[in-house]
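The first chain written gets the first letter, and so on, giving A, B, C and D; residue counts start at 1 in each chain.
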Amino acid sequence: MPELTLVSIVGGAGYVGGELLRLVLFHPHLRLSQVTSRRLAGKYIGMTHPNLRGVTAIQFAQPEDLAACDVLFLCLDHGESARSIERFSGLSPRIIDCSSDFRLRDAGVYEKWYQEEHPAPEWLGKFVYGLPELYREELTNAAYVSGVGCNATVVNLALAPLARSGMLKQVVADVKVGSSEGGAKHNAGSHHPERSGAVRSYKPTGHRHQAEVRQVLGNGFELSFSVTSVEMVRGALVTAHCFLKEVMEERAVWELYREAYGKEPFVRLVKQRTGIHRYPEPKHLAGSNYCDIGFEVDATRSLNHVVMIAALDNLVKGAAGSAIQSLNVMMGWDEMAGLRFPGLHPV
Amino acid sequence: MPELTLVSIVGGAGYVGGELLRLVLFHPHLRLSQVTSRRLAGKYIGMTHPNLRGVTAIQFAQPEDLAACDVLFLCLDHGESARSIERFSGLSPRIIDCSSDFRLRDAGVYEKWYQEEHPAPEWLGKFVYGLPELYREELTNAAYVSGVGCNATVVNLALAPLARSGMLKQVVADVKVGSSEGGAKHNAGSHHPERSGAVRSYKPTGHRHQAEVRQVLGNGFELSFSVTSVEMVRGALVTAHCFLKEVMEERAVWELYREAYGKEPFVRLVKQRTGIHRYPEPKHLAGSNYCDIGFEVDATRSLNHVVMIAALDNLVKGAAGSAIQSLNVMMGWDEMAGLRFPGLHPV
Amino acid sequence: MPELTLVSIVGGAGYVGGELLRLVLFHPHLRLSQVTSRRLAGKYIGMTHPNLRGVTAIQFAQPEDLAACDVLFLCLDHGESARSIERFSGLSPRIIDCSSDFRLRDAGVYEKWYQEEHPAPEWLGKFVYGLPELYREELTNAAYVSGVGCNATVVNLALAPLARSGMLKQVVADVKVGSSEGGAKHNAGSHHPERSGAVRSYKPTGHRHQAEVRQVLGNGFELSFSVTSVEMVRGALVTAHCFLKEVMEERAVWELYREAYGKEPFVRLVKQRTGIHRYPEPKHLAGSNYCDIGFEVDATRSLNHVVMIAALDNLVKGAAGSAIQSLNVMMGWDEMAGLRFPGLHPV
Amino acid sequence: MPELTLVSIVGGAGYVGGELLRLVLFHPHLRLSQVTSRRLAGKYIGMTHPNLRGVTAIQFAQPEDLAACDVLFLCLDHGESARSIERFSGLSPRIIDCSSDFRLRDAGVYEKWYQEEHPAPEWLGKFVYGLPELYREELTNAAYVSGVGCNATVVNLALAPLARSGMLKQVVADVKVGSSEGGAKHNAGSHHPERSGAVRSYKPTGHRHQAEVRQVLGNGFELSFSVTSVEMVRGALVTAHCFLKEVMEERAVWELYREAYGKEPFVRLVKQRTGIHRYPEPKHLAGSNYCDIGFEVDATRSLNHVVMIAALDNLVKGAAGSAIQSLNVMMGWDEMAGLRFPGLHPV
């Protein structure tokens, strides 16, 4: 039996940290060393993440007590990873940062979207974007990996084959998201009587994740991007209206996507002619690392118009799951290790 | 056309205050004078209560600017009504206080359940409990009326005929409630990702509303009372297991309840042998002032056991609606005035 | 006191029929004569529409027993109104048909979208499209009025001012809808374990209501139209990405919409810079006849891009409410008569 | 590596069958041989259970084509297992029947609760009740195992230590359940617009699972048992008001339950003084095999009154999970094998 790799998590009180905890605790090659939280130091993990009661007896550690480890996951608030990256890099040879600090390669783009100077621009070039489907080669043997934006990921995976084929002229992407995207801190808008049953325009325009879409898919097409909150805790679904340079038949779209994703362990093409679940749906993906992708070619074809539909769990494939999958790639392990939970039905 | 009665509301930012606003604005005999909120003074009502956008152009007033009026509704935090009751009584000849400050007649009982001395015990005897079904006579010409506890009300209306008949020996009442019972202030437990879809034991024992049940129904039976939060914003449903001194046939229960409530404008007996909606359900009552009551006699009858089931909207019949209904009684108006909205189906 | 107008409803078992019942029963100028349902004939209305228990003692009548009346509402399955229109027109001088049978003016367009010949094409020209905001003049003194498609209506009201201004070049409209749009008949996809919490692509392309949008707004712009079902019973919200021929400043959009809708009793412009409810949301509109409209101008303006957002209750403003409002216009009554319920908050 | 045990599932189209499929496909000692469904024969599993898309390429088989195997799970409609038990026992040396056919040991009790003669009473004595916490010894080396009722299980696990201690005098158990309890077939009551957000009295008295509670816990106490449907797909929570023969301090209850369940792999005692999740909650248990149990001793103690609270996933610990756990016991495997998924947070 091979030795286990020692993992620590900085910032384990939030939702991405909690999901990483779950994945690390059941991963065949990993052993959890420490998980920090300034606010919860000394408390048992199960008090905050009730699904982990009885699964581990570990307590939250003080951030100052963080020790050396083999892999360090950072789940900190925006800006904190960047400000302490020198310290963290001294503690672990491998860092996977789940925040948005190191996702963008260009400090100028970062400044434009986050309205502040990047705290550690010299580090931007050292990080690989942690989306194995599109950066697998770069991830192999990478030392520093960024997380991915959940909304960016559902859009990137939905569009990548079309974008890379050069066929895309214009995209209007409407993303529907659950409440866990907002994180673990409560506010007036997350108060249950206000948020329950809502269909609420969150960002009709100007969502920051567009910057990640542009970085990944390039500037070869026009992009409009809106985000609407719906009644759901986990999950994101994008309805992406794609206008193409030429007409594509359904069969051609199938082939393009099969070629791109046919061997991907966590991308499934979902398109049934009958049944209830004809297109991707986020609810069956809760807890799983799959991104399901489907589409419909506009029958009138007057517009060279295809609607791409993709769904994922924002906390797994859109965050902690892609991080673990990236680690699996970095370490040369089975890419599905620790990520095999398939979701539930019904749920 | 008769002159309108001038109403002001103290504390209009919360959920009961907002519901009172809705009811007052559409009441045929009332005119809204002022609505106060320290935090929101100067803001339009529709910013906080989006259903009232365009319905009124009134802005929240500073509490200090409260002027004289014909009827004053108080929707303040626990203890605040009692501490300022002298001031309020100088501004209006009629006060309806929706807090729990003046519901209990006995200062000792108040102290037991609220763990503090009552701030104005000399006022307790001046208030009438604002539940017209059980205190109609006392409400006629009353000057000071208390609100009612929402959970207390659904239990009181479910049990009153049995309790008054002397048949009750023991009751176990399990109340299921929505999130609006917790009020408009957000907290960790009301954060949508935590509260959505929850079935959460809120008060397995020791809920304060028991004191109101005892005051209304007396001490002639044993009472156990638990409250569980479920996925719902508005509404309360009680499942009350009643153990009787003697066996009662279904027909006898019917007769007892028909006699008690047959002429009540806002109590409906709901018990169908077929169909989807055989018993009371809170969701169709949202926004309405009805309390629906049904029951099932235990077919084995080994226990002299009847399950009473009652449902209402905690913000209407359990709060603002009963307050308006009490005002209608006080003023000698049609008791249904301003309270005719019947709820929606489906919803 | 003026004489009441006698109303009958054909097909009162479904959701639009039930909503019409509620609105008619509380309308100041209407008296309900009959409501028919073949399946439920002889049963009390409250058995099917539990919100109307105790409100009326009327029973469903056999369709054959339908008598003459002043206004006849038809809430039948697709095709049935058209097949029996001669008979119905013999019973009432005014007909408001809530189905899709008489919405389209052109028999060829009907055939294209409904894949069947229209059963009574000679009647198409006699009907006025029942959307008062856009057809008020035609509705005055009209005898035959069609209902409106709920998704069409939310899109039509969101876009009409822009479309009429000639500024629209392209629209991508993504509509989020609740489960009541599917009607009262259960099926595999409406089974609660499958439908609860779903974010389900219902019609990525090809939704029939597009035909109504084209008829109302013309062919001056490209239109893509997708419908996604979300967790909600009542309500529809459209996120409409509008690409304009020229850049429009926020102020210009405001002015255009204020001019178009400033005097409309049931259209509210909703756009707040702060607060929870900055854009229209369907949940506060449940039961109300309002259509709330907001927008965001894309700050980059690189695309001459405005996102219009509109919300309504599909069973009220999207069906029964617009029907009653149309009747109010036809009869010269106060246009808000019977439609003043403002919705609830929280809910 | 040991040889895998060959498993077949009869009746794999329903919700318990689907959940068994998920558990079997990821179980380290099992290999799925066949899964039958008359209606879906020839179709891929993933068409019906979308979470299993891409996980297996198996298709539903015709019931007639069922071959010999090592373990046979039966997930048939009520009565069908019993009518075909001779045939099934010829195909497999071990049978686990998830229906209610073989749960009760006494044909008379069966007849009383199911209003029909048992089709194979001679088989009743051969089956062991499949709840490892209470029948572990009998399950070791058992050949025939029954499933468990989900509501019965949450009540049995909540009460067993108290019942076995002889302290119980009377219990009133109110169970809150999700919609998946009703199975995969749609009906008028499961139609989403009717079922969504419901708090619906399902069985105020007379629920059949009481018979299982009596069989497991005996007749030493009075039992009242009501079931209420709430907005949730998976999950059951019981609020069990227990009246004791003597006063029990909180510490004594703790000790009793720790002694009973301290070594149980799938029972957790949940009782926190602070935090959001102070008592068991079903939502974090979705997909997991845990049963969480907590309690509150009535502070007044006037009634020797303890409220026991327990939660589980009705499809896992209340059905398929207990079946797999029973198999693990039968086969002498690690009892947690294939059942380690801990649930999600938030969800």
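Brief remarks follow.
Please note the rule applied: a residue touches a chain if its C-beta (ideal position, glycine included) is under 8 Å from a C-beta of that chain, and two chains touch if they have at least 3 such contacts.
Keep in mind that what you see is a predicted model, and the values were worked out from it rather than measured.
Contact count check for C-D and A-C (C-beta pairs in contact): higher for A-C. Ranked by distance of CA centroids from chain B, the top chain is A. We define each chain's centre as the mean of its Cα atoms; on that basis chain A and chain C are separated by 39 Å.
Chain C and chain D have centres, each the mean of its CA atoms, that are 45 Å apart. Counting only residues that touch two or more partner chains, chain B has 15, 180, 184, 188, 193, 197, 231, 233, 277, 281, 346-347. Touching chain B in their complex are the following residues of chain D: 172, 174, 176, 188-189, 193-194, 197-201, 204-206, 222, 224, 226, 228, 230-232, 235, 237, 239, 241, 276-283, 294-300, 303, 305, 307, 309, 311, 346-347. Chain A meets chain B in the complex at residues 15, 178-180, 182, 184-188, 190-193, 195-197, 231, 233.
Residues of chain B that touch chain C in their complex: 15, 18-19, 22, 25-26, 47-55, 180, 184, 233-234, 268, 270, 272, 275, 277, 281, 284-288, 290, 292, 340-347.
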